[in-house]
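Take a look at the structure set out below.
As written, the chain order gives the labels A, B, C and D, with residue 1 at the start of each chain.
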Amino acid sequence: MDYTEILESIYSEIQQYAKFGKQADYIPALAKVNPDQFGICIHTVHGEISEYGQADVPFSIQSISKVFALAVALSIQGDRLWKRVGKEPSGTAFNSLVQLEVEHGKPRNPFINAGAIVVADILLSCLLEPEKEFIAFVRTLCNNDNINYNEEVAQSERENGYLNAAIANLLKYHRNVEGDIERVLHFYFLMCSIEMSCHDLSRAFLAFANHRQVFDYAGIRLTSSQIKRINAIMQTCGFYDEAGEFSFLVGLPGKSGVGGGISAIYPLRYSVTVWSPRLNSKGNSVMGIKALELLTTKTNESIF
Amino acid sequence: MDYTEILESIYSEIQQYAKFGKQADYIPALAKVNPDQFGICIHTVHGEISEYGQADVPFSIQSISKVFALAVALSIQGDRLWKRVGKEPSGTAFNSLVQLEVEHGKPRNPFINAGAIVVADILLSCLLEPEKEFIAFVRTLCNNDNINYNEEVAQSERENGYLNAAIANLLKYHRNVEGDIERVLHFYFLMCSIEMSCHDLSRAFLAFANHRQVFDYAGIRLTSSQIKRINAIMQTCGFYDEAGEFSFLVGLPGKSGVGGGISAIYPLRYSVTVWSPRLNSKGNSVMGIKALELLTTKTNESIF
Amino acid sequence: MDYTEILESIYSEIQQYAKFGKQADYIPALAKVNPDQFGICIHTVHGEISEYGQADVPFSIQSISKVFALAVALSIQGDRLWKRVGKEPSGTAFNSLVQLEVEHGKPRNPFINAGAIVVADILLSCLLEPEKEFIAFVRTLCNNDNINYNEEVAQSERENGYLNAAIANLLKYHRNVEGDIERVLHFYFLMCSIEMSCHDLSRAFLAFANHRQVFDYAGIRLTSSQIKRINAIMQTCGFYDEAGEFSFLVGLPGKSGVGGGISAIYPLRYSVTVWSPRLNSKGNSVMGIKALELLTTKTNESIF
Amino acid sequence: MDYTEILESIYSEIQQYAKFGKQADYIPALAKVNPDQFGICIHTVHGEISEYGQADVPFSIQSISKVFALAVALSIQGDRLWKRVGKEPSGTAFNSLVQLEVEHGKPRNPFINAGAIVVADILLSCLLEPEKEFIAFVRTLCNNDNINYNEEVAQSERENGYLNAAIANLLKYHRNVEGDIERVLHFYFLMCSIEMSCHDLSRAFLAFANHRQVFDYAGIRLTSSQIKRINAIMQTCGFYDEAGEFSFLVGLPGKSGVGGGISAIYPLRYSVTVWSPRLNSKGNSVMGIKALELLTTKTNESIF
């Protein structure tokens, strides 16, 4: 199927939402982004690429990085990982401390902040050169050696990251963080600070869509079964407390970030990434969700 | 694909779990069921049927009925339905009052008890002869006119249903139940009391799997898009607070009941129902989940 | 000390708050009360009586009845009572189901609705003629044989009492209510429906203030130590989630009701009841709290 | 009244509980204390002193320091203080993050850790030399210039204080901590680390018992009304989630600490401090509570 025309018509249809929502502004680096941008890119498992708009403009991937971090942790630890982090949807806002306290420091899933901080702690414990190995993995995944952390963004996040620091301290209290808290938080924020374009992310997520192909990138290996399970977690937990709504409207596993990006996959067909900075009240890109909803409606393709 | 041999080998592999778990015993009718039964049945969209074990023994479908009730409510109300009930996973046990109180009487989704009680209230308000029309719908869906409510079970549930009565009163307090509480609870318990076999349920769920075919049963009509959305909700909310685990292990949308049944679908391929009364601590059939996990592993087919 | 002049000056000082707040209107009987009434009455342990305003107008005592019910239950059960109900402040609104669910059906204290429903259940189990014996106790306490239940109010409460019915069902689910739910709720609402004047209540509470005198009314006997413990619970739990504020401002143990009454005691000195129907957002009488705050300030007498 | 004989007989009666409970051991300095110690001291408003056991052995006052910190903050800020911290009992364990998150960073009262951290932040903002001025106040209160912080204990607390660090970060996130988090935590832990004997504490709390006398210590001034309000908060919030139980059993306002100390007052009569390191499951001294319960029972004196 050729998606180019579809992307074009989607873009025209969602113009009516162009001014809805508000970009993240809790750190200067995100606040200063021009909110009126939009890009989308599809990679099919057959090697076709379709894109529209600012598909080559790098943006802060933020929580989308949690998928990459989970992939590395699962590759290293296998099912032992699930002793320290769950796989159930959280049912509450992405940064809730309540659940963490009630459940004695075991985060609901690896895509809420608490879970991703535990994953960061695991990578720090298991990798010799965590920063270097992680970025090497991401670069190989998307076949682009220019991908990098944005140290300034990471630093800025840390300076305003009181809630994440509260979470990390609570995890440490419950002995679910081994490393030094500042070290763990720095690595966590560094992973979030990676900048990639729709094109880069779409290429990277192709490895999750195409789970029948060998997954081995910069030494990180996953079985087909492990990939499918990461996809299952994206389906149930990828959109904070809007996971059900996204599943209902779009019907694809995916992961969003407060930078305005959303990456989603149609297993064995394609991966897609859309980006637009304005967010709805749940922290997900307004135009991004609309675009993906139209994509599955127009193509009549969803996993359901 | 011929599933008969696969079902046979699944049965032999899960024998090791035959004595795990404990059947529901909060009412006599469920407590007296022989727990050492197992049945499974698959209907493909091409009309093939494969089954194994006690696939023709009727059992209490319990919460699986919530899918049928949702189908009727969505058919009648369309998207207005979502004003009274959400579509997000609950993240807590299936009967939690906490969330309902905090969220002012709007249940998280139609598959937790609170949501299903609201759906029951809607059917009572909108249908002329609710009991008669509902059972006619289910009979038509599974093409078996012998399907019926079990009044004794319904009565027995009501007598022990203090928690559901608490929920119904709380919903009424928040003005999300219109009808008389006893009337609503009776209809709710009646729907749960329906008895069907794996064969019947598998046939009934075929209509959800095969969403490209016209859905019109006893006057209840759904669009392809509505069916897919019901499937999406089954994926994220069908297994109480084990939805993520089921999605992770099995990778199919489905719905379980405390009678020990689980119905699941592989969109555009097949529908499957498995039944075995012993439940795990989350209220889902032990052998049922194992069987479905093996089914998607052995066939290498899941939606992810 | 002669309190007459003090009461007069208090009345004049609180006129500025005369139109603040809103009377309870969830049932017709409360909604139709003239909100612009105010009465206050003090009984000292030496037998002096001072009063001002509509101190002889009967009003619905509502939750103030919980003190009388606790006295009866404690008299009958002694310390066994505390196995079924706690003595800690609830820290949340008076009708919260959350705490009850989290704490498996043991209410925090006998002055929240859940606790009072358990107390009602105990009285029904232990008394031969509960309605008759309870009203006899209250009549003897206040030395007024004209005191009675208001059946119409009780009936009206039940018809709108979905939240209390939810609580009763949840208690029953946790096996902390033995009797029939409708029977328990009826008796609970009946106790709340009693009508007494400031004069009556002040006289009745004198028995709690004067704990060195024998407590034996219509066969209900309490030791001095038991009376003091009831007073301690009034101090920490008597004002829903405003207990700390009342303790801070007034410094006396007391109990309020949504009818606008507040009864408080200064141990070994006096008991006081104030009534004015307009309530603040926490459900306590606006002018009642102001009057008691001024009383302890002007007399420079509080338990602290 | 001469309390000497009473103290002696109390000591003999509580011997049966001598081995109940377990001392705090989360930091080495507390873990190494000999748990089999007991001391008690009473100062009356008439200048009499009665004591028994190790009444002169200094111990870590821990949370008892929260009363002194509140006194200083109230002296400086007056009623503005209550904009940043409440006066209601918390109804949950002393370190609960749940309530803090739900209530947007305003701690329930100044005696839970969150509230005391806010108070520490206030003192740091308002005092020129906080450490020096605070210890001067405490020394003057108890008339003992040898009282001091234990820097080693404070340091040790900080190293293990992940939960308090989580709380401080959450408060900062909600903008209810102004200062640098490490600075605030250090001062908080320093105040907790002060070492005083029963004699010292009893003397210090006399100023709260004797509220008709001028309160002016090292420049910290409180009105009689302010003292009474501190006493009221001790009554409702002084014993974590056992405040109701203590009020019920003992009937005096007081404050406990995990070092095993409890200070309580009988307004206009006496102040008492008891110390014994073994704690019950709520973090309050087992023998301390028993001793105070016997004291009010034997003397037949309580505020109720």
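Odds and ends about this structure:
We adopt the following convention: a residue touches a chain if its C-beta (ideal position, glycine included) is under 8 Å from a C-beta of that chain, and two chains touch if they have at least 3 such contacts.
Please read these numbers as outputs of a predicted model, since none were measured by experiment.
Annotation of chain A and chain B: not jointly contacted by any chain, touch as defined at the top. Farthest chain from chain B (centres taken as the mean of C-alpha atoms): D.
Centre to centre, using the average C-alpha position, chain B and chain D are separated by 55 Å. Between the CA-based centres of chain C and chain D the separation comes to 32 Å, rounded to the whole angstrom.
Inter-chain centre distance (chain B to chain C, centres taken as mean C-alpha positions): 47 Å.
The set of chain D residues touching two or more other chains is empty. Chains that are in contact with each other form these pairs: A-B, A-D, B-C, C-D. The residues of chain B lying in touch with chain C in their complex are 96-98, 101-102, 162-163, 165-167, 169-170, 172-173, 181. Interface residues of chain B, counted against chain A in their complex, comprise 86-92, 99, 108-109, 211, 224-225, 228-229, 231-233, 235-237, 241-245, 247-248, 251, 253, 267, 297, 300, 302-304.
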